[in-house]
Amino acid sequence: MKLVSAIIKPFKLDEVREALLGLGVTGMTVTEVKGFGRQKGHTEIYRGAEYAISFLPKIKIEVAVKSEMADRAVEAIAKAAKTGSIGDGKVFVFDIDQALRIRTGETNDDAI
Amino acid sequence: MKLVSAIIKPFKLDEVREALLGLGVTGMTVTEVKGFGRQKGHTEIYRGAEYAISFLPKIKIEVAVKSEMADRAVEAIAKAAKTGSIGDGKVFVFDIDQALRIRTGETNDDAI
Amino acid sequence: MKLVSAIIKPFKLDEVREALLGLGVTGMTVTEVKGFGRQKGHTEIYRGAEYAISFLPKIKIEVAVKSEMADRAVEAIAKAAKTGSIGDGKVFVFDIDQALRIRTGETNDDAI
Amino acid sequence: MDALKTSTDVFFLLMGAVMVTAMHAGFAFLEVGTVRRKNQVNALIKIFTDFCISTVAYFFIGYTIAYGIDFFGPAPVISGAAEKAPEAFGKNGYTLMKFFFLLTFAAAVPAIISGGIAERAKFWTQALASAAIVAVLYPLFEAATWGERWGVQKWFEGTFGAKFTDFAGSIVVHCVGGWMALAAVLLLGARRGRYRKDGTVVGIPPSNIPFLALGSWALSVGWFGFNVMSAQKVSDITGLVAVNSLMAMAGGLLAATIVGKKDPGFVHNGPLAGLVAICAGSAVMHPIGALATGAVAGGLFVVAFNLCQNRLRIDDVLGVWPLHGLCGLWGGIAAGIFGAVALGGMGGVSFWAQLVGSLIGAGYAFIAGGLVYLILKVTLGIRLTDEEEHVGADIAIHKIGAYPEDDLVRPR
Amino acid sequence: MDALKTSTDVFFLLMGAVMVTAMHAGFAFLEVGTVRRKNQVNALIKIFTDFCISTVAYFFIGYTIAYGIDFFGPAPVISGAAEKAPEAFGKNGYTLMKFFFLLTFAAAVPAIISGGIAERAKFWTQALASAAIVAVLYPLFEAATWGERWGVQKWFEGTFGAKFTDFAGSIVVHCVGGWMALAAVLLLGARRGRYRKDGTVVGIPPSNIPFLALGSWALSVGWFGFNVMSAQKVSDITGLVAVNSLMAMAGGLLAATIVGKKDPGFVHNGPLAGLVAICAGSAVMHPIGALATGAVAGGLFVVAFNLCQNRLRIDDVLGVWPLHGLCGLWGGIAAGIFGAVALGGMGGVSFWAQLVGSLIGAGYAFIAGGLVYLILKVTLGIRLTDEEEHVGADIAIHKIGAYPEDDLVRPR
Amino acid sequence: MDALKTSTDVFFLLMGAVMVTAMHAGFAFLEVGTVRRKNQVNALIKIFTDFCISTVAYFFIGYTIAYGIDFFGPAPVISGAAEKAPEAFGKNGYTLMKFFFLLTFAAAVPAIISGGIAERAKFWTQALASAAIVAVLYPLFEAATWGERWGVQKWFEGTFGAKFTDFAGSIVVHCVGGWMALAAVLLLGARRGRYRKDGTVVGIPPSNIPFLALGSWALSVGWFGFNVMSAQKVSDITGLVAVNSLMAMAGGLLAATIVGKKDPGFVHNGPLAGLVAICAGSAVMHPIGALATGAVAGGLFVVAFNLCQNRLRIDDVLGVWPLHGLCGLWGGIAAGIFGAVALGGMGGVSFWAQLVGSLIGAGYAFIAGGLVYLILKVTLGIRLTDEEEHVGADIAIHKIGAYPEDDLVRPR
């Protein structure tokens, strides 16, 4: 199994979710994160003092898939999350050693 | 070393923590995440407009353990986090390449 | 490629970021997490009832780097994040299977 | 001259009514800040709705019970504008204005109860209880004391040499509200997870101290209308009532701050404790007596709250029984102590009259409140289901949380 | 005696002015709570700035149009302190005080509009529109009705047997504000992403129900100054106005709670709907008529808001057209119904005068507001760019968000 | 007639006292919104506690210093109810009421200082400083000016041909508070991390703009009680004071909005700047002079705040020295300019008397405040430890944060 982990722009979340559901994926886990990269933050000003907001809000989507599905998942995410402008984000894929569904005790491929 | 990463129901956090402490684990890291899966969200209504809350609040617990301990950790988590109803969550195990304790510089098994 | 994942004290974030930038790293992703470990939490009291705050606020920094850079990244983080007192945190390194930059479609080493 | 007097009286009472109405916003925010996030919307709606239900109940029934007058005649008559309008209505709609002023007191009773039963009471049954209390149970006691009906005050005068004095309602409003709340809280039971099996308390943290503080400020500021305007006619106004209220407020806060170790929950209830206690005797005490009365109330609140929460295991969310029930009781009695000429007071009060009257008030309220909530409990049910309580009153009852944008982006 | 009367009048109007000024804080928080987090700062600044711009506009131009008097003479003259000050200024600065009181009404018009055009209007063009409305367009209608200028009221009296009655501004203030807002909202267009291509609505969640509730309370409490002090002289005060306002508020809340299924957005707009509707007839109705007027308004608001949002696809963020435009219209007409002697009212009103006057008010406002916003649209532009709307008015206009510390730590 | 007059006076002062008490809630929320989340609870408790400590200090000592009268006699005497009560107490507890009214002014001084020393001052030493200031240091200056004691005003009259005019306290309250705060802030030192080694400022972001705005609104609305009721008798009321306050508020906001580029911190302090400046001359200026006075103050605040923060490196958290100290000073002087008959004013003021009196006020306050805080610094210490400052005053002093539920679930 693989864990596909994508950092995307927050407003793309719904589209990416739809794309994954379209592949038959049934679950995913989402985290609010802050990203630092080529896309630059902005400056806020309050009473004459400046605040550099260097980290930008991003969303991390993690989805565990069977190994053979990983490529398709990466592709689907990349397609749905793409705007073409800086800051679109990254997709990383990791190996999963073991998986377990807590409710049923099913393991590995059956668990996801 | 292995990283055991579990997605659980938030109100189970204390029990899972106790279970891990019972195994001799001394540290863990917890993240608030949102989960999408078989367990369905709900709909809120405000002044005649509907809002679908499709992502549900979940907690991700990550705990780094020596390889030989991974199975017991998975088991302990699964037992403590189980309610038997949909949405109980998953446990994933990953390989850790290297580990380091920042304070002391200890590495790998000594670091966790 | 490797994913270097560090749990650090929140007020060290800026220094760690500078250290990583100094190595030529161009991006990273940051998550607010809660840590449990040797460093103990504190107790709050409200109207005669106590609340144990056992989890402490921590920051998780994730940075994907080329494999040959991993050691230097770990070292740089450890140096910048160290205060020498309990709770400084950990650095873990994971293998990345694949990487993709969404905007351009570049993959693996080119993607990070 | 008389015209100016009457119209100034109406103006005077209006300002009182407005200030006490603003106190209801204070009740709402005190509760919003104290409950958990998942029950904030319900706290807000409950207080405002119960105020409006009280308005209707007191207009059609309650005021008539308390003062023997009704408002079913045509507008020119009840407002005193018609030439031959009965004197009882006054000119310039004085009696209507008085109705409004006194309604804001009556409606405080459900608002007090609301704070005790928070986070687990059903919405419409609570609304029904409010209606019953403001239409009938509260006015009965009001009639006997302020309304001077049925010879009760005559009996006090005959027996103790002085009427039962409750200038602005330590007993009539606060003590009655607090003891009714106690009955409701006991019948309702503690919130899920409030006590462990071994009986020790589990802290349920408040959501928002600034909102709680906002509520405390709104209540404290409005209270000057509650007390001073209880003179009901501008000619009877006295700076003494204002300063006594001020001193009791200060005493309450300072004592609660010290005894309560600067805990924000205690600090912000301290002035309220002092103000609850000073209502009864604010027109008869010396300011230093008022300071003492307030200080005792502030300390009493802290001690009684802890006792109630940790020992008696009564899950009174905001602590309305210690605050209104016990500090109110103390206030009724304190009027008989510090009102005495020997202690620099104005005199004309009897310690025994105060003690007996205060205890009757507490007892009556506990029984009357108990009856209402018991009947509702066995008929319609007064408590949310476990599932509803778990998801919170906001989603369960109102289908939306307090911060919908936030919930959509980051559900908790 | 006369001196005391005048000074009490000034005191009376002062309290009215203060209460209605506090209502503007209510407008601000009602909007803060309803908009998204990224537009909260702008909501706050817009309301306060427009209030101050209105002050200047009404002082230099507006009041003179409405009442034919200006304040350019020296202070001793305009305050009536000088021996030979013209009577029109009154003693004790009475007319200045009246200016302040009526300004707080005038400034309500931009505050009403603000709620409709929220989250996408440009800052300075809106400020300009406020100035134009308060300096000229609102005072023109005010002159014709309250100012009794140009024989308009004479015409009503001649034609219908009674003047057009609008005691506290259901039409002059609320209906006018609401219909101007409708014009502005239509010219501005819906917020980005508000409607799908198929025309169905996308819910845009409010950010903060407690702030919304705070706004509702501030408005409701202050409203008693709006209505009761509209007597303008303490000798004309009547408890009837106060109690009618109270009953309409209660009716509005209860109806909105039931029809709106306890939705906090409806519940907290309900009392406002009732109060908007009672302004016109608060001095002529019976309290039970007021209860009915308020209840109809509360229900009307819920139904009209849904219609407006889901069917007509008008993106009126706070629902100010249903609230002020429609409930105001209903209030103008209701004064002609429940004011009748047959329904227990004080009489002296004509249904037809009310109907015609109310419709004229709505029509005038729609056209006048349309003109202002049309001219601004084609000249300076009234809408933020898409990019600005996306990042939010706070960052775009004010360079900072509502919770800067939070944003630094956890940008959203 | 006389009876009605006195009782109306008491009513009048009561409303003033209530409004200024509400301003203290404004001080609290202005500070809550400006400080970081970890210091919000302390801001709330500090303001409320200091108000109550001030009450006690002013009752037992301060008022007697300022006006030479004490309240240790029995209640019937000090309230004027007894037949032979000395005239000085007035009827209907008038003098008690006046005490309350003036207390709310006195207590503003610690509230002002509180905003400057926020986020790092110790709790009980600050409480002690408040007591000393309100019991002694403030009343001394008050005695010399408003109390007309010790021939100081006679000297002004003899020297400059007019008394030193400070109708509602630009100097007596605000300037004194602001310059005492400056001394305290200097002795306390900047917050940890406020300035880099090279002296450049590090922005410390405010936590909550809506709370800050709420504070600004509460202060602005209550200020009409501060100014208008400073007449102290209803017969001396004038709409001129009300409208001048309004115009200065508008001028202050508009100037601060423009000079401050719509920054919410500047916008919401603008009306306060205008109102601080108008206190002194509100009874003598023409409204257009008041507009100008307010506008200068609004601009002055923005410029001085930036200077103070970026150049002088004074870490005055809320900017109370620019706001109260400098705008107050300007207000004292402005009364001597715009009060002149030549500029449409009422006359009777001397520019030189105003200049000298204002400077004396600033100088006295800086020295007196400096002494108090210096003594406390070398004895008990006035500053939290670094560790306490780091975890925040809430946890360090009150053992709980502002959002306990949130902290439990998601500690920051």
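For reference, chains read A, B, C, D, E and F in written order, and residue numbers begin at 1 within each chain.
In this text, a contact is a pair of C-beta atoms (placed from the backbone, for glycine too) under 8 Å apart; a residue touches a chain by one contact, two chains touch by 3 or more.
Just so we're clear, the structure is a prediction, and the values are computed from it rather than from any experiment.
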item: Duplicate of the B-D contact set - from A-E, B-E or A-F, the pair where over half of the pairs recur; value: A-E
item: Classification of the chain D:chain F interface as same or different, half of numbers criterion; value: different
item: Centroid spacing, where centroids are CA-atom means, of chain D and chain E in whole angstrom; value: 33
item: Distance from the mean Cα position of chain D to that of chain C, given in whole angstrom; value: 53
item: Chain E, residues touching no fewer than two other chains; value: 1, 4, 8, 15, 205-206, 208, 214, 263-264, 399-401, 404, 407-408, 410, 412
item: Numbers and ranges of chain B residues touching at least 2 other chains; value: 31-32, 34, 44-46, 51, 55, 94-95
item: In the complex with chain C, residue positions of chain D that touch it; value: 201-206, 260, 263-266, 305-306, 309-310, 319
item: Residues of chain C touching chain F in the complex; value: 32, 34, 41-42, 44-46, 51, 53, 55-57
item: Of all residues in chain F, those that touch chain D in their complex; value: 1, 3-4, 7-8, 10-11, 13-15, 17-18, 21-22, 24-25, 28-29, 32, 40-41, 44-45, 48-49, 51-53, 55-56, 59, 71, 74-76, 78-79, 81, 92-100, 103, 123, 208, 211, 214, 397-409
item: In the complex, chain B residues that touch chain C; value: 3, 17, 26-31, 64, 94-103, 105, 111-112
item: Footprint of chain B on chain C - complex, ascending; value: 2, 6-8, 31-38, 54-55, 58, 60, 70, 74, 77-78, 81-95
